[in-house]
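Dropping the structures in below, format is structure tokens.
After this come two complexes, each holding subunit A, first together with subunit B and then together with subunit C.
Coming up: the complex of A and B.
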């Protein structure tokens, strides 16, 4: 039963060589950073660093897709703020920087989470969560959430291709000229796929006997090497640099904090 | 080993039971085939065997399902999964890890198997299913046939006492299907209890010990395989043929001078992968041309290249004597891909067809009515497309593909989960399109469909592809 002469592998960038614990610590550091930081300049620095980290996946398309989605969301928010200002006699603040901050925070997290989701063995994630002594009620849903991301991105690609074959390519022009139809064409299959994928992952998890973290024995035990220490230290250094930048520039406070 | 004792099961919020009064047993060292028309309750039977009903889906269970003498209700899903290995109709739905190797190892790791033992089992199952070359590949990037092999290898490596297989041949090429039949015989001889649910029957002749035919949630007939020899019986229950000739040996490559669609000097390689096509040339005439070849040889990729879903790296396409881009071809084409969920967008079946027929303006209403009728979807016209069964969705996406009366129609495994009645219905629709002058490219391992529809066939790997197997097709000069 010869399967194929194809040999496409998951990838070979830095992201794939890092240990899951290093990627988790980078994600944790980044999440602390986006809570502490509030100036657009320092968050911009963090975004640039996280983007460089994200590009080590050698998969620019998913990154581009997620950032495009955030840009659309930001544009919608900005548009509605302007609309409110037009309709509301009491002026509401619509500075770019105030609206930018929540989206910068999201973009930083998207970059680090994508690296983890697209380049890490799901078993290693589970083993690492086990090593952190997290209860299975937290560890298993966390692993399922991380596993859901590549399935969702695959669904986005397939829905977009299906639309192209039906003569409805999701281009900016099409979205602007037929916003309702574009929303339906894109959102409906994605919502149903997401629901089904979560169900299917639940079933797959049950039938593979997920549940007892204590019995897991990884056949490739994770190893924390020099490059993992270096990557974690670099993440900390980036946060420190961003904090210093915020202290010295004292940029405006934006977003929710 | 596996016993259904007067089982009636009703899904939550369902008015009627999905299966009723099922009494059936599968002993160790026995293979039982369960078949019947779409929606007859076969998949529910599998969910009862592996405990998903009622442990995961909840619902109401009457009667008793037992595994090795123990009631499945009293066991946990973890316990059941140690005894029962399940292959789903859509193998991707049972993957949890991201690479082939990880998927094969995953359940072993959760059972606390030693790393050395896990590695041995992973290597052994990969070797027996020919997966060695794709161990590092993402499971999401595999062809459907490859996914099925990975899922089967993962199950068999666990050495369960019972395996239940839902449409195991749906995406396998005929050679892989025969190899699966041999593997099932070996497992049966080793004492495994095997329940196979399938529409395709021919490959199980001489393999199964008993046949169970279901309809409307009930068992309507039981016996040995000879039960299926009666054509009137098969027709009455919408079953497929018990014997199927292999048309691949008689289907020849279309002439290269045909004036429909020609590809010349195509080159393509996946990113970071070896070349899949190098200087490949072929012609597709009006009529039905089968695109044949083992799993993973690039059949779907070739269809994607013709329509621009993957970018041709070199070569040209000529349609009716004019050079065209893949985008030009796509405008004149309909391509129906395998995963139907991604291709359904609207709130009713009628609206889905109306969207596909929209270019016809005022005439679209008549076209929709005709398609509903032709594909036996009239009763479902007001249903939400995503609420349909797998077979119904398949018919709907094919109907949508035919709605714009394309000049080129590409169908990727259109009958993989269809019963005999619906397979014949789709075959008729394909023949009708071909008779109107449509260039139909049919990617299928379904020998019955190929027999009913094809005039010619392209056999992959083509001459000029990077594999060195002998080609049946000569290059365009």
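Coming up: the complex of A and C.
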């Protein structure tokens, strides 16, 4: 997510030209799809489609890293299952395809989430939230939440640098060996800063009349264009194709269906 | 200068909504950071992550002591997860159910004015939400139900951390009151 908050030039791929609402609808469709589907073939088809969508970012490195991480997690899970099978006198049958399915679901979601996170600017998300006509009680905290994340990350950096200056190394080893001290040194100043920021932001928002969202209009309102309709329709078509494939090929039956 | 009549005052003031947004971000980012530093399936990380979640939630409920704060915080968090990450769609009913039950418990026990009712509400919310989440995990790993038992162990460890977070949150509030950041 952090990359989406950076102020660097966005790329030229299709993912960057799509409206944020189209990307949100694709993410929702994909999450619905991975719940419905249970056969490795149909999830494989969905994975291929989501990978093509992910590659439209023109940034293969984060995609590769996430998939490598998933592959490692799958290998660990498979290794543990194999170990349990060896130790248990009444082994649970471990089929490769059954163990693969949860990881295929995660891989599909990783692809669509990365596109959303790496190709959308904060300002676009804020404008989109406004365009969605959310109630002020949800729109204001949501906008603050998105806006606050970069400043919070900068606070984390500052606090950890201050701790390094005082001689506390903020490394995974230090956090794991001294969890209470690490929490106290890192979290307490961050909570204080967050509460101060919340008070200041609240006053600034009231002074700027943010409570009256109805009168605020976007300088460049987002437009849902033909390509956005096409992308959303393609996502739906992929889900439909995967469901048809599942009906024809069968696959392991889940507990729900 | 016109002043609005008291009857048209909104239930949520802008600064309260801002505080809810700030805490939603704080909780999300700190959870991600703890998971990144310590590794997701590490028991100590799980305890620490849940400890932080409940202690920060307690601070928020002391900062904005109004019925509905917990529910609104949940709605905002899950909505952002849904819109930006596509995930969490199926966690919405579980979160709403747990949030409503916790809000109801706080009101039944005497409201937000008593400190221990907030702690009981947060403990109830986390327990219900974790139980419902386990049910949802079953949908995801239904092909390999043995994985659910492993998840249940990790969830139980996480809940232990969540319970430890309640006194930690109380302590935070005490310090913050001393500093004049959270008012009585």
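Rule of thumb we're sticking to: the second predicted complex is superposed on the first by the 153 of 257 C-alpha atoms of A that agree within 3 Å, B and C clash if a C-alpha of one lies under 4 Å from a C-alpha of the other, contacts with A are read in each partner's own complex, and residues count from 1 in each chain.
Here is the rule we go by: a contact is a pair of C-beta atoms (placed from the backbone, for glycine too) under 8 Å apart; a residue touches a chain by one contact, two chains touch by 3 or more.
Computed from a prediction, not measured in an experiment: that's the story for all the values here.
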*Partner chain(s) touched by A:138 [first = subunit B, second = subunit C, both, neither]*: second
*Touching A:158 in the superposition: subunit B (first), subunit C (second), both, neither?*
first
*For A:203, decide between first (touching subunit B), second (touching subunit C), both and neither.*
both
*Does the superposition put A:121 against subunit B (first), subunit C (second), both, or neither?*
first
*In the superposed model, does subunit B or subunit C contact more residues of subunit A?*
C
*So, A:192: does it touch subunit B (first), subunit C (second), both, or neither?*
both
*Based on the superposed arrangement, let me know which partner A:79 touches: subunit B (first), subunit C (second), both, or neither?*
neither
_Going by the contact rule set out at the top, does A:60 touch subunit B (first), subunit C (second), both, or neither?_
neither
*Have a look at where A:102 lands relative to subunit B and subunit C in the superposition and call it first, second, both or neither.*
second
*Once the two structures are fitted together, what part of subunit A is touched by subunit B and by subunit C alike?*
1, 188, 192, 196, 201-203, 205-206, 210-211
*Can you name the residues of subunit A that touch subunit C in the complex?*
1, 24, 26-28, 30-32, 35, 38, 77, 81, 84, 92, 94, 98-99, 101-102, 105, 109, 112-113, 116-117, 120, 125, 129, 136-138, 140-146, 148-149, 152-153, 156, 172, 175-176, 179, 183, 187-188, 190-192, 194-199, 201-203, 205-206, 210-211, 252, 254-256
_Which stretch or stretches of subunit A touch subunit B in the complex?_
1-12, 121-123, 147, 150-151, 154-155, 158-159, 161-167, 184-185, 188-189, 192-193, 196, 200-212, 215-221
*Over in the complex, which subunit C residues touch subunit A? Could you list them?*
10, 12-26, 28-30, 33-34, 37-39, 42, 44-45, 47-48, 51-52, 56, 59, 63, 72-73, 75-76, 79-80, 82-87, 89-90, 138-147, 172, 175-176, 179, 181-182
*Within their complex, state which residues of subunit B touch subunit A.*
50, 52, 55-56, 77-78, 81-82, 86, 92-99, 102, 105-115, 118-119, 122, 128-131, 133-134, 136-138, 140-141, 143, 145-146, 149, 175-176, 179-180, 270-274, 276, 294-298, 307-309, 330-331, 333-335, 337, 339, 341-347, 355-356, 359, 386, 400, 404, 466-467
